[in-house]
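Given below, in the form of structure tokens, are the structures.
Okay, so subunit A shows up in both of these, paired with subunit B first and subunit C after.
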Partner chain A sequence: MRPQSAGTWLALPVVAALGALCLAPLAILFAYSFFSVDFVTISHDPSLKNYARILQSETYRGLIARAFGSGLLVAAITAVIGYPVAWFLAKRAGAAKTMLLTLLLVPLYSGDLLRIFAWRVLLGAEGAINRSLIWLGAIDAPLQGLLFSPLATHIALTYNYLPFMVIGLWLAFESLDDAWLEAAADLGAPGRDRFRRVTLPLTAPGLIAGGLMVFVMVVGDYLTPQLLGGASGVTVISAINDLFGTAFDWPLGSAIAWTMLAILMLCFGAGAVLIRRSSLVAEGA
Partner chain B sequence: MSRLGTLWVCLVFGFMYLPIAMIALFSVNTSDVMAFPLTGVTGQWFAEILGDGRLGGGFLTTLAVAFPVALLTTLLGAAAALALSFYATRFRVLFAALLLLPFLVPRLILAVAQLILFKELGVSRSLLTVIAGQSVIILPFTTVIVASVLIRIDRRLIEAAADLGASGWSSFRRVVLPLMGNGLMAAWVIAFVLSSSEYVLTAFLSGRQQALSVLVASDFRFDLSPSLNALAVLIVLGNIALVVIAEAIRHRSGRLN
Partner chain C sequence: MNRRDLLKTALAGTALGAFGPAFRADAATGILWMTWENLAKDDYLAPFLAANDIALTKTFIGTDDEQFAKLRAGGADSVDLITPGLDKVEYYTASDLLQPIDFARVPNAAKLYDTFKQTPLGKVDGQTYGIPFYWGINPIVYRADLMEAEPDWSVFFEGDAYNGKLAMRDYALEGIMIAAMYLGIPESEMFTMDDRQLAEVKKVLKIQKSKLRTYWNSIGDLTNLFATGEVVCAFSWVPPYYELRAKGIDMGMAKPKQGVIGWCDTIAVPKGVEGARLDAAFALVDYLLGPDYGKMLAVGGPYAQSTSAARDHLTEEQQDKIFIKDLSVMDSFVWKQNPPRYGDWVALWNEVKAS
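== the complex of A and B ==
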């Protein structure tokens, strides 16, 4: 068998599975986004009504904007926290590297639910942080704003997705040749310039890749805001869920879902272009 | 600089393990209230969880889903990884993008989309729909794991096999397959863990038989009992054991080559 045809035959079942269980459902969802609800039945006359409703509705526009705002915020926070960690793992950890990487990934595998449960135990009015602060005499009454707030949601989101950012950055640091930094130092560049003009541009592909992963996952997160956000837990994702459940407006839900998918794909395309460009810079360096 | 880095890494790892440490602590604390100061040590919460028949049934359902999902995604992931990294495949970039798609699409959107498809096709919700739905989102992970092992295989071994007259199939079976075995095992374990902890797709696609994650989610919405801590500790310990085994297997394969 020629390698070319072997590869194609191997890819075939995978493409079939993804086509049936990912592409086909999304295509049907796309079709539904042009339908409308007529009392309790779904009318199949295509129209752009649903998209017009989203454009006109301040609520939906606000929810969509907030989802992407959260995505950017958490991507930025994880980048700041993760950058030194990735540097340490690649350049300073030595023999402990494998163990530290495994340790970093282990909490990921406990599942979203358990991690959210743990944060609820930590942040609640009767929770560990409040009680310990009272016990230590730092505060008199429990801090109410800790749980069921955007703060709680964003702490847990940062916690959930930090490992993805660290992995993306770590890969970039692994391929960063220290000789460039030594050369810059020999040429008299101070530490700040070495970071800004050598380290940062050379690790930019990892930063963008990690940021993109975190961004996408935060935008699509359903459980965390739902279970930790309280009144702020209404997100565009939970709105889609409601439209498919109690509100019974599948077409509008499909239209919102596809608006989100379209924006996400644009972000991904832009990210891919940026990564390619910054990798060219990294190769040319 | 290095010392500051060490301190920062310790802080970040502390942050990553703080929630897990807390649930472990409260899972053996006597008080009903999950708060400091600690009151005493008990095994009561663990006994409560282990004696709970409903959760036991959920656990069996989880296993009934996780075993086939892990097998299916490992096989498909291996095929995808081979097509991507070992054999020249037509439309490679498009294929890679397609593989990434389930990871890019928000879980809830994929879940409702699959729900509509199943409804249109007249397929009722069952463990089979859960297995199908979960497989798609776990596939990108198994592909990456198998590919990370394939990348480290020395191509010269295959060229040598071909020079010695081995056909494509026999060089695959006798050279590539043994070398990727560890990657397959690691992928299977990770897929198993991801499947057992998945909530959104499981909740949307399951029928009457409910998996452990769905039962835990409903308990967790209504009452926050310390026995949930004990359950969480058992699940986390089980997962840690599996992941450590998988990582050990994967890294051992790196050393072999």
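== the complex of A and C ==
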């Protein structure tokens, strides 16, 4: 047996397990999305009724749009914050690099709930920020809008997922050869042009990969909006949860889940094309 | 004793220690109870396990819906007892997941309060599939030190004195029931509301949303929100009232005149349970409706059993705490039922939250 063929046979069980554990549940969910439910009986007559309901429902369309809007917003904010941080880690941190990278990841070890409740302590009416502002005389009464608001949700989401953006960008900066920047400078390119025409294109794969990672995780996060978003903390994921649990409408829940998945796959496809293009630019450079 | 004897003794002891529990487990009948964690505390069940050769495994649920989903997805074969809400038993019977309760094997069921004997819920064709087990109310709990007067349901819909300081449970059934009670829709129509009534409910729920600090999902979280003063008044469960009073916070509990939501959980036996496991399951059901368990549940919960078995063993204060001192209080309760159009209710609830 040739080594290549042996590798194929050895990989087969892993591929089969992945198929069974990851793809099969998605396929079942996809099949359910065409069924309908009558009380607790699921009718297996296929139709597009559930997808039509999603298109006609302002609520579900709005929730899906809100989820992707949040994903884009947080991906953009983490990119703006993460870009200089990643540059510093890769190019200026020197011997402290390992320690700083570890520090960056420390919050991830603490768990979602702990981080969410820490934000409550900071942003609450009796929290550290309100108390400090009152002590400084900047406000007379606590700012109620700090906690249980979209602001609180997006602050926490940014905090939670910033490390994933920084890691993606840091890898891109690590592989950025400073000789390109030196050559551009030697040829008289000013700082702004060096950034726009050399640094940004060469780090774009990291930016897109980090952005996609943050985007996907924000879209799927329902705990943070639920616990920090207050009365406006409903998400499309919590609506799917209601449909699967409370309403026993598995078919509609499956259809919404697959609509989300299809949009996410489109985003990934667009991201892959962008990464490929930026890689070609880098190769051309 | 020489070295060889010492080694033999040590080995024999180790072997006995290792296999002892296995031998005991083989002898006992093993049953699995799917329930809420607060109902299956070790000390509540110790007298039953000491008196019977039964090995009980407990698996805990987070919501009633989760329990149904697990059984519906094929988990019924491995479970011997479940704990569905009285209003949810219909889901299980419609899915053909339960077997009828054999009252001959549950003598303590004779002591069920009349309300539970007479309820049509949990029954199909006169046969009981979910036997009422324990019950209580979901009242308004409030910070008495931060509110001027005892609230009723209108606090969630009228006035602006407590805007941004109120909380509501994130649960379509109860949220819509409260709006219906506020609107004066009678209990006889509440669970079969037509489109016009549901539109009225939606309108007032949108007003309610504008007054809320948050929708709560866990009672522990709501307790924290009360303690920190983020929330001063909420549609709640009873525990935060006692927990925070014990910590010195002046809490109030209101039972609104428009009606109070009553809840009751049942105990039910999945269809496939038979033989020794069925005997053990019914023995446990009988114990759960009996005086020993009832007293511990009343003191430790504090929750009321559905039978009068433990009532005479409790002080008046303990009876009052679980609403059984004056049983006529049950007359003002609106018991939760499963609306035929529940899918529409959930959609409405999501529309309000997303508005």
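We adopt the following convention: the second predicted complex is superposed on the first by the 276 of 285 C-alpha atoms of A that agree within 3 Å, B and C clash if a C-alpha of one lies under 4 Å from a C-alpha of the other, contacts with A are read in each partner's own complex, and residues count from 1 in each chain.
By our rule, a residue touches a chain if its C-beta (ideal position, glycine included) is under 8 Å from a C-beta of that chain, and two chains touch if they have at least 3 such contacts.
Given the structure is predicted, the values throughout are model-derived calculations rather than measurements.
K.L.:
With both structures lined up on subunit A, is it a clash or a fit for subunit B and subunit C?
P.N.:
Aligned on subunit A, subunit C clashes with subunit B.
K.L.:
So in the superposed three-chain picture, is A:275 touching just subunit B, just subunit C, both, or none of them (first/second/both/neither)?
P.N.:
neither
K.L.:
Check the contacts made with subunit A and report whether subunit B or subunit C touches more of its residues.
P.N.:
Subunit A has more residues touched by B than by the other partner.
K.L.:
Between subunit B (first) and subunit C (second), which does A:216 come into contact with in this model arrangement: first, second, both, or neither?
P.N.:
It touches subunit B, and subunit C stays clear.
K.L.:
With both complexes superposed on chain A, which partner does A:77 reach: first (subunit B), second (subunit C), both or neither?
P.N.:
The answer is neither, since A:77 touches no partner chain.
K.L.:
Applying the touch criterion given at the start, work out whether A:152 contacts subunit B, subunit C, both or neither, answering first, second, both or neither.
P.N.:
Neither: A:152 stays clear of subunit B and subunit C.
K.L.:
Look at A:227 in the shared chain and tell me whether it touches subunit B only, subunit C only, both, or neither; answer first, second, both or neither.
P.N.:
After superposing on A, A:227 lies in contact with both subunit B and subunit C.
K.L.:
Now for A:63: first (subunit B), second (subunit C), both, or neither, which partner does it touch?
P.N.:
The second partner, subunit C, only.
K.L.:
Please work out whether A:28 is in contact with subunit B alone, subunit C alone, both, or neither, and reply first, second, both or neither.
P.N.:
first
K.L.:
After the superposition on A, what does A:40 contact: first (subunit B), second (subunit C), both or neither?
P.N.:
In the superposition, A:40 contacts subunit C only.
K.L.:
Of the partners subunit B and subunit C, which touch A:244 in the superposed model: first, second, both, neither?
P.N.:
A:244 contacts both subunit B and subunit C.
K.L.:
Can you tell which stretch of subunit C bumps into subunit B once we superpose, 2-10, 128-136, 218-226 or 254-262?
P.N.:
218-226
K.L.:
Which residues form the common part of the subunit A surface touched by subunit B and by subunit C?
P.N.:
Common interface on subunit A, subunit B vs subunit C: 124, 126, 227, 244.
K.L.:
Inside the complex, what are the residues of subunit A that reach subunit C?
P.N.:
Residues of subunit A touching subunit C: 37, 39-41, 57, 59, 62-63, 66, 124-126, 144, 147-148, 226-227, 229-231, 233-234, 239, 242-249.
K.L.:
Show me the residue ranges of subunit A that touch subunit B in the complex, using the header's touch definition.
P.N.:
Going through subunit A, the ones touching subunit B are 1-4, 6-8, 10-11, 13-15, 17-18, 21-26, 28-29, 32, 81-82, 84-85, 87-89, 92, 98, 100, 102-107, 109-115, 117-122, 124, 126-128, 130-132, 135, 159, 162-163, 216, 219-223, 227, 237, 240-241, 244, 250, 253-254, 257, 260-261, 264-265, 268.
K.L.:
Inside the complex, what are the residues of subunit C that reach subunit A?
P.N.:
Those in contact with subunit A are residues 63, 65-66, 68-69, 72, 91, 94-95, 164, 170-173, 209-210, 212-215, 217, 221, 228-230, 340, 342-343, 346-347, 349-351, 353-354.
K.L.:
State the interface residues of subunit B toward subunit A in the complex, per the touch definition above.
P.N.:
Spelled out, the residues of subunit B in touch with subunit A are 2, 5-6, 8-9, 12-13, 15-20, 22-23, 26, 33-37, 76, 79-80, 82-83, 86-90, 95, 98-99, 101-110, 112-117, 120, 132-133, 135-136, 139, 167-169, 190, 193-194, 196-200, 213, 216-217, 220-221, 224, 228-229, 232, 235-236, 239-240, 242-244, 247, 251.
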